[in-house]
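The structure that follows is given in the form of C-alpha cells.
Letters A, B, C, D and E mark the chains as written, and numbering starts fresh at 1 in each.
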Amino acid sequence: MSAVSVDRPARDPILYLDGISVTFDGFKALNALSLLLEPGEMRAIIGPNGAGKTTMMDVITGKTRPQKGTARFKGNLDLTRHDEATIARAGIGRKFQKPTVFENHTVFDNLVLAIAGPRDVFSTLFRSIKPRQIERIDAVLETVRLTAARDRPAGDLSHGQKQWLEIGMLLVQEPELLLVDEPVAGMTDLETEATADLLREINKTRSVMVVEHDMTFVRALNVKVTVLHEGSVLAEGSLDQVQSNERVIEVYLGR
Amino acid sequence: MLRILLLAFLLCFGLSAETRADGFDDGLHLLGGKFDDVERGVVILAGSGDQRAGAVLAALQDNRLMVVAGDPPSFFIRQADDSLLDAATLQPAGDAAAGAKAVRVNNRIRRAAEAALGTLNLSSPNAAIRRQAADAVFKARDGEALPALEAALAKERDPDVKAVMETARAAIFLANGQGDEAQRLQAVETIGRRGDPDALAMLRNLANDTSASIREAAAASVSSIEMRQSMLARVQDAIYGISLGSVLLLAAIGLAITFGVMGVINMAHGEMVMLGAYTTYVVQTLFVTYLPDAANWSLIAAVPAAFVVGGLAGVILERTVIRFLYGRPLETLLATFGISLILQQAVRSIFGPTNREVTSPSWMSGSFDILDGLTLTSGRLVIIIFCLAVFLGLLAFIRYSRFGLEMRAVTQNRRMAASMGIRTGLVDALTFGLGSGIAGIAGVALSQIDNVSPNLGQGYIIDSFLVVVFGGVGNLWGTLTGAMAIGIANKLLEPFTGAVLGKIILLVLVILFIQKRPRGLFALKGRAIEA
Amino acid sequence: MLRVEHINLHYGKSQALWGVSLAAAEGAITCVLGRNGVGKTSTLRAITGQHRPSGGRITFDGHDITTMAPAERARRGIAFVPQGREIFPLLTVKENLETGFGVLPRNRRRIDDEIFALFPVLGKMLNRRGGDLSGGQQQQLAIGRAMVTNPKLIVLDEPTEGIQPSIIKDIGNVLKYLRDQRGMAVLLVEQYLDFARELADRILVMDRGQIVLDGAPDKIDEAAIKAHLTV
Amino acid sequence: ADATIKVGILHSLSGTMAISETTLKDVMLMLIEQQNAKGGLLGKKLEAVVVDPASNWPLFAEKAKDLLEAQKVAAVFGCWTSVSRKSVLPVFEQDDGILFYPVQYEGEESSRNVFYTGAAPNQQAVPAVDYLMNEEGVERWVLAGTDYVYPRTTNKILEAYLKLKGVGADDIMINYTPFGQSDWQTIVSEIKKFGSAGKKTAVVSTINGDANVPFYKELANQGVKATDIPVVAFSVGEEELAGLDTKPLVGHLAAWNYFMSVDTPENAAFIKAWHKFIKNDKRVTNDPMEAHYIGFNMWVKAVEKAGTIDHDAVIDAMIGVSVPNLTGGYATMMPNHHITKPVLIGEIQGNGQINTVWETPGLVVGDEWSDYLEGSKDLIADWRKPMNCGNFNVKSGKCGGV
Amino acid sequence: MISSRMPFASVVVPAVLIAIAILVPILHLSTGTLPTYAVSLFGKYLCYAMLALALDLVWGYCGILSLGHAAFFSLGGYAMGMYLMRQIGSRGVYGDPILPDFMVFLNWKELPWYWWGMDHAWFAFPMIVLVPGALALVFGWLAFRSRVTGVYLSIISQAMTFALLLAFFRNDMGMGGNNGLTDFKEILGFDTGADATRSALFSVTAITLALAYLLCVFVTRSRAGLVIVAIRDAESRARFCGYRVEHYKLFVWTISAMLAGIAGALYVPQVGIINPSEFGTGNSIEAVIWVALGGRGTLWGAIVGAVGVNFVKSWLTNNFPEWWLFALGLMFVLVTLFLPKGIAGLLRLGGIDAFNRKSAAAEAGEARS
C-alpha cells in the first residue's frame, strides 16, 4: 500500500486530497488517500469494487467526514468542514452511482432545480426562471435525448434514462468540477461513446473526475488514470501503463 | 384517649377480678348499637378474655358479623362458605339467622378491633398470626397491651416473631414513657434498628425526654436514620423508575414491531393494548363463573388469550387494510386512526363506557421489602419480570428464527423478498399479528395497574411512540433503553419538580436529546439509512 | 422451460410492452438487448411477477404462471437478479444470502461454497450489512443470492452494471457453468454487446416495447442489432 | 305549536369523558320516558334531543348553540367538567337558555341561566374535613388533586379552613398531578412517608376521573389501609369503584350527597327503575344521577307552575321549587340557583358500595361564593327580582363589575 | 409543477371565499335566512381550513409531517384569548379592572409580565403571529439544523405540543388552567355575541383564508416551491444541488406556524373559549387527516378536506350520537383505501387520465410506424 504523498504545488490544484482516511466500524474504506487534480484536468478513476471510489466522492462532496486528512477545493475551501450545499454552491457537481433524480418533478423541473443561479430562499421565492435559462435547458434536453420526456415525471423514466437526466442536471449546473460516478452503467455501447464525447466536450471548460469500470469508455476518454485499491492509490498513469501493471491486472482487470 | 382509659379500666378490672363471665355477652350486645356503642363493645369483648371474642372481633373487622335485631339482638358469624355460626355458641345457626344484616363498622371500630385482636392473638399457636398480632400491637403502641406482650415474649420461641415482639415492646416503652431507663435505652436502640419513617417519628418525639442519655441516643439514631433514608429515597426513586420503565416498555414493544420494524404508523396500537385488557376481564369473568377455584390464576390464562385476541385483530387489520398501504406509511396513520376510533367505540358499545373490574390475584397483591425501607409492590415486580421475559423472548425470536429473518427481509424490500420466494403476505400478516399480540399481552399487565376502559390505549399511545423513537426506530435494544431511561428520569425528577413539571421537563429533554441524536439513542447507521 | 406469449404491459394507462413473445430454454443462455427504456426490465418484471401483464400468457415448465404471485414463481424455480440490485440493506451479507432458503427444503438450506469461490468478497464481508457494500459488491451479492435458491431459471437484469472487469469475466463463466453444469435456463438482459454475444445461445433485440430481432448470435446480423441500439 | 317539548341532553358519549357522562344521558332518557308515561308535560310529550360533544370543549359550545337555536329545546341537561360548563355558559346567557349542571364543582359562579344541582365545595369538602377531624382525629393532611381548577379551588378553600382550625402549615401537604396520571408509585410512597410522622394523617383527594383507578390500585398494593391513612375522595363514586376490586380499600371514604346504599323507598324505586331501563341489574347509581333526577323533577315542577316552557318564566318559577331527593329529604332551589343537600360521608365496602357513616344533621345550602376565599367572600348571588344578580358585592352594594 | 395542474383553482378558491365573505353577512343580517349558530359554525370550519392549509404547506409540499401544529394554532388562540380577556375589564364576576377572574379567585395579586400589553390590539394582534412564529423558529432551527427528519420530527413535534398542553394545564402558568380563557365580552369594541360581530368575524376569516391561500399559491408556484417539493422527495439530492435544505424547511415551517397562529386567533372569538386541550395531540392528528382526506399536496384539497370532515362530523354527532365514531372511522379507512390522493385526487383523475392516454397513444403510434 503506497500512499503517494503530494507536495503542494505553486498553482492551486482544483482538488487536493492528502492523507484522507475514512473508517466505518473499524473497516478502512479510505486509507491515507492522496490525490491531486489540476484545473481543467479530466481524470479517470478505476479500481476494484469496494476500493473506495464512491467513498472518496462522498468525502469531496461533504457527505462523509474523513477521520484524518486534508481535502481542499481550489486551494481555499476546506471540504472537510462544509456541508453538501456549500460545497455544491462552491462549484462541485456530482452524478451518483445509483441514479437519483426528483421523481415527482417533471424532467424539465429537474433541470430547473439544477440550473446555475442563486439558491437562497429569497431568490428562488421572488425571481422566476429567465428565458435564457429555459433555452439552455431545452438544449441540454436535446443533448441527453430526453426532449420527448420533457414533461413526464422523472420517476417514470427507465433506469438508463434517469442516468441521462442526471448527466443533464450536471450540465446545467455548470460546476467547475464534475464528479461522475459510473456514467455509462446501463448504457449501450453507442451511448457510451456519446457520453465519452460529451465528457470530453465538457472538459474543455471544466475539470472532471470520472469513475468507471468500462475500459472501452475509459480508453475513449484518453486521460490520465488513477487506480484505487483498498482505500489508497495503487497506480497512476495512462491507461496503457496501468493496464500493464501486474498488480492492477491481478486485483482489477483479471487475466 | 377516652378509649384507652376505658380499656385500661376494664383490663385492670378484668384481670384482677378474674374473667367476668358476662363480659362477653355485654360486649356482644353492644355491637348491635350505634358506632359509639360498637366501639365500647369491642373494648369490653377484648377485655372479656373469652375464647369466642377473637372469632367475633375478627368477623367484625372483616364485615362478616351479622345481626338480627331484637332485644337482645342475636349475632352470627358468616363463614367463608357463607354459612352462618351463632356468635354466642359458635354452633351452626338455624332459622334464627333469617334476615341477618351485617353489623356496620367504621374505621374507628376497625382500628379498635385490630388493636384488640392484636392483644388477643399474641398467644395464638400460629406463628404468622402472632407476628401479625405483634405488628398490630406495635402500631397501636397501647400501654395496656404490655403485660400480655411480656407474657407472650416469655413464651416465644420463634426468633422472627420474638424480634417483632421486642420492637413492639420498645415502641410501647417509648410511646408511653414506661419501663426504666435501661429498658428505654435498649428500646431506642431496637427502634433505631428498624430505620424506617415510623422509627424516625418515634425517636423524634424523644427530643424532649427527661433523660439526657436517651435524648442523645435518640438524636444520634435520628440523624443516622435520616441520612440512610435520604439515600434510600433516591434508590427507591430509581426502582420506581425501572418499574415505570417496564410499563412503558411493555406498552411500546408491540409498537416497536408494527411501527419500528414494519414502518406502519399504528395509531390503533393503543386499542390493541385495550383489547388485551378487556380479554383479561373476560377471561377472569369466565373463570369466576366456571372455575371459581382457579380464579386466582385467571391472569396466567389471560396472557395467551390476549395474545391471540390482539394477534387476531392485528392479522385481520393487516389483511383488510394495512396491506394495501405498504409504501405509503403516512396513509397508515390515517387508516389506523380511523380503526382506533372504531375499536374504541366498538368496545364502548359492547362493554359499556364505564371501567371494568379486573382483580389482582393474591400472588400479585401486597408489597415486600427489598431492603428495609425499600419497597416494591409485588404487582410491579411481576410486571418487571414479565416485561423483560417478553422482551427477551421477542428479541431471540427476531434474531434467531427463520421467521425473524423473513420478517426483516420483507419490511426492507417487499418486492425483492417476494422474488426470493418469501410469502410476503403471510409474513406481513404474521408480523403485524405478532406486534398486535404483544400489545395485547401488554394489556394484561396494564389491567393490573390502570383503568380497563375504552380509553385505556389512548393513555399510552403518545408515550409508546416517544419511547420507540427516542430509542431509535427499528432497534429493540433502543426501545428497552429508551423506556428505562424515560422511566427512571421521570421518577428521579418527580420528587423535586412534582409530577406535572417533571413530565414537561422530561419532554423538553427528549426534544433536545433528539437534536443531538437525530435518529434516536440506538441509531441505525450506514449507507442505506443516510441515502 | 419459460415461454412468454404476446404479453402487453401497462404502467397506469401508458403501455410499455406490446405483444412481447420470447422463450428461454433449458441449458441455454437467452440474451435480451435494447436501448434504454425499450422495455427490457418491464419484460422481466412480467416474468418474475413484479408487474402483472395486461395481456398475453406466460408459462413455466408447462404451467401457466401469468397471474401467479412472485413468491410462488420463486418456489417453482425462477430466480431474479434485478436491476438496481435491491439488496436488503439492513440484513448482513449472510442474512441476505439466507433469504433464499425459503424455497429450499430444510436439509438443503446451506450456502454453496462455489458462491464464495466465485465472489470472494462476499465471504470476507459476511457480517457486514448489505446496504453498506459498494455498488459492485452489492451486485455480486445479488447474483449470489439468486444462486442460493438453486433455481431452474435465472433471470438477470444487467448484471454487469458497475462491476469490475475481472469479475465481469467471472460472471460470464458462472453463467456458462450454470448453463452447462446445472442445466439451468438463463435469461439475461444486457447492454454490453460483446459480453452478450460471447455468452448467448440466442439473442433477442427489443425496441419500443416489442421484440424486433430474434436469433442465434451467429445468424443475426450485427449491423441490424447496432441499428436498433442506436438512437 | 309544536307537538312535543324538546329536552336537550348535552353529555359526551365518546372521548375521555364518555366513561362518566354516558350514564347521565341514559338517566335523562329514563326520566323523560317516565315523565311521558305519566302523560308528559303541559299535555305534550317530551322529546329527548341527544347530541355528542365528544369530550371536546369548544364542541360543547357548538352543540349548545345548536340545541338552543336550531332545536329550540326547552331546557338542557348536561356537562360534567367545569371547562365544558364554562364553554357553554356564554351561549346559554346569550340565547337565554336553561342548563341543569349535575356535578359537584368548585363554585365561584352563578348564572341566571344555569341551575347547579351538584354540590358546591361547602356541601362536600368542608363537611368531609370536619368529619375526619372530629371522628378520626386527623391532624395531618395531604391534599392531593389533579392540576386543574376544581382541585385548586377546593384545596385553597380547605387550606384556609384547616388553618382557621389551627392546623400548621407543616401538617399540610399539597400535591398536584396531571390528568390521566397512571403511575402513582412515588406519590403514594410520599403519602406513606408523610403519614408516618406520628400524627394521624388523612388524604383529601380531588383526583379526577381516570386517574383514580390506578391511584387506588397503587394504594392497595402499597398497603395503605384506611385504618392507617384514610383517603376521602370527592370525585369517586359507585361508578368509579365499579372498575376496582374494593376489598383492599375497605374503609376509605367518599363525601357525596347521595349513595346508592342509602336505604329509602325513593331510592329503592329509583334503582329498580334504573335497572329495568338499562336492562342490567349490576349497574350502579351515583350522585350526579341523583342530581339529574332532582334537576329534572324541579324543572317539571317549575314548568307546571309557570304553565309554559318559556325560558324566562321557567327560570323565575324555579326558585323555591322543592322536590324530594333520594335520601329521604327535600331539595329546594335557592335564589342563588344552587340547591339544598344533605352531606353524607361514606366508607367504601368490599362489594363496591359506599355505606354512610356520618350525615349532616340537616340540609346544607349550596354556597356559590366561598366564604374562605379572599376575592369572593363578599359576594352573594340572588336571582330574584329586584336584585337579580349573580355576584352582588355586599360591601360595595353593587352588582358585580357592572 | 404540482400546483400547475390545477391552475384555475388558484382563482376559483379565493373567488369563492370572497363571495361567501360578502354573501354570508347579507344572508345572516338582512334576510335572516342563515341562523347565527350556522355562521359561527362555518366560521370555525374556515379556521380549521386555514390550519389545514398551513399543515399542507409543510407536509404536503415539504414532507415534514408535523404532529404539533395544534401548538401553533393554540398559541395564536391564546394570544387572542388574552387580548379578549383583558377587554372584559371590570365586567368580570369579581369586578377587578385588571386581573381576569381566574386570577382573582386563585389569589393572584398582580398581572404576570407576559400579560402586559395584551389589552392593546396593536400589541396583542402581532403576537398572534410572532409567538407561534418564534416558537417555530426556535424549534425548527434546532431540529432542521441537526437534520431531524421523518418520524423523529413528527414525534418530537408531538412531544412539543404535549409539553405545552401540560404546561398550560397548570394553574401556575397563569393562563386559566384547564378552564382556559372564556366568557369574552367584546373584540375591538364590538360585542362578541352580537350578530353583526359574528358576521364580521366570519367575513374576516373568509378573507384571511383567501389571502392565506394566495400566499401559499405564491410560495408553491415559485421556484422555491419546486425546491420545497424536491426536498420532500429527495432531501439529500437537493443538498447536492446546492440548496440549503434547513433554510427552506425553516422558512416553510415558520410561515406555516404563523398561518396556524392566525387560524387559532380567528377561531377563539368564534367558539368563545380557548383551553389547553386545544394543544391535544389528537387535534394535530385530526388536522393531518383533513389534509390527507382532502388531498395532500393540493392547497384547495386541504381546504375541502377540513371543511368536509368537520361538516360531516358535526352532522354525525347531531344525528347519530352513538354511531358517529364508527362512521367517521370507517370514512377514514375507506378514503385511505379507495382515494389514495384524497378528494382532490378523485376530482383530478379525469384530467390525468386523458393526459396519459394521449401520450401513450402517441408513443404507440410512433412505435408502429
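In this text, a residue touches a chain if its C-beta (ideal position, glycine included) is under 8 Å from a C-beta of that chain, and two chains touch if they have at least 3 such contacts.
The shown structure was predicted, so the numbers you read here are calculated from the model rather than taken from an experiment.
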Distance in touch steps, counted as few as possible, from chain A out to chain C: 1
More contacts between chains, B-D or B-C: B-D
Chain whose Cα centroid lies nearest the overall Cα centroid: E
Furthest chain, CA centroid comparison against chain E: C
Distance between the centres, which are taken as Cα means, of chain D and chain A, whole angstrom: 74
Between chain C and chain E, centroid-to-centroid distance (C-alpha), Å: 51
Chain centre separation in whole Å, for chain B relative to chain A (CA means): 65
Where chain D and chain E are represented by their mean Cα positions, the distance between them in whole Å: 36
Multi-partner residues of chain B (each touching 2 or more other chains): 344-345, 500, 503, 526, 530
Multi-partner residues of chain C (at least 2 other chains): 14, 132
Residues within chain D bordering two or more other chains: 13-14, 147, 176, 178
Touch list for chain E against partner chain D, complex: 35-37, 40-41, 44, 89-97, 101-102, 104-107, 166, 169-171, 177-180, 182-184, 193, 271-273, 275, 277-278, 314, 317-318, 321-322, 324-325
In the complex, chain B residues that touch chain D: 35, 63, 104, 106-108, 110-111, 114, 139, 196-198, 200-202, 204-205, 236-237, 240, 243-244, 247, 344-345, 348, 352-360, 365-367, 375, 377-380, 448-455, 458-459, 490-491, 494-495, 498-500, 503
Complex contacts: residues of chain D adjacent to chain E: 13-14, 50-54, 56-59, 61-63, 65-66, 68-70, 81-83, 86-87, 89-91, 94, 108-109, 147-149, 152-153, 156, 176, 178-179, 373-376, 379, 390-391, 393, 398, 400-402
Chain E-facing residues of chain A, complex: 61, 63, 83-85, 88-89, 94, 96, 100-105, 109, 112-114, 119-121, 124-129, 152, 169, 173
Residues on chain C engaged by chain B in the complex (per definition of touch): 48-50, 69-71, 73-75, 79-80, 82, 86-91, 95, 98-103, 129-132, 145, 149
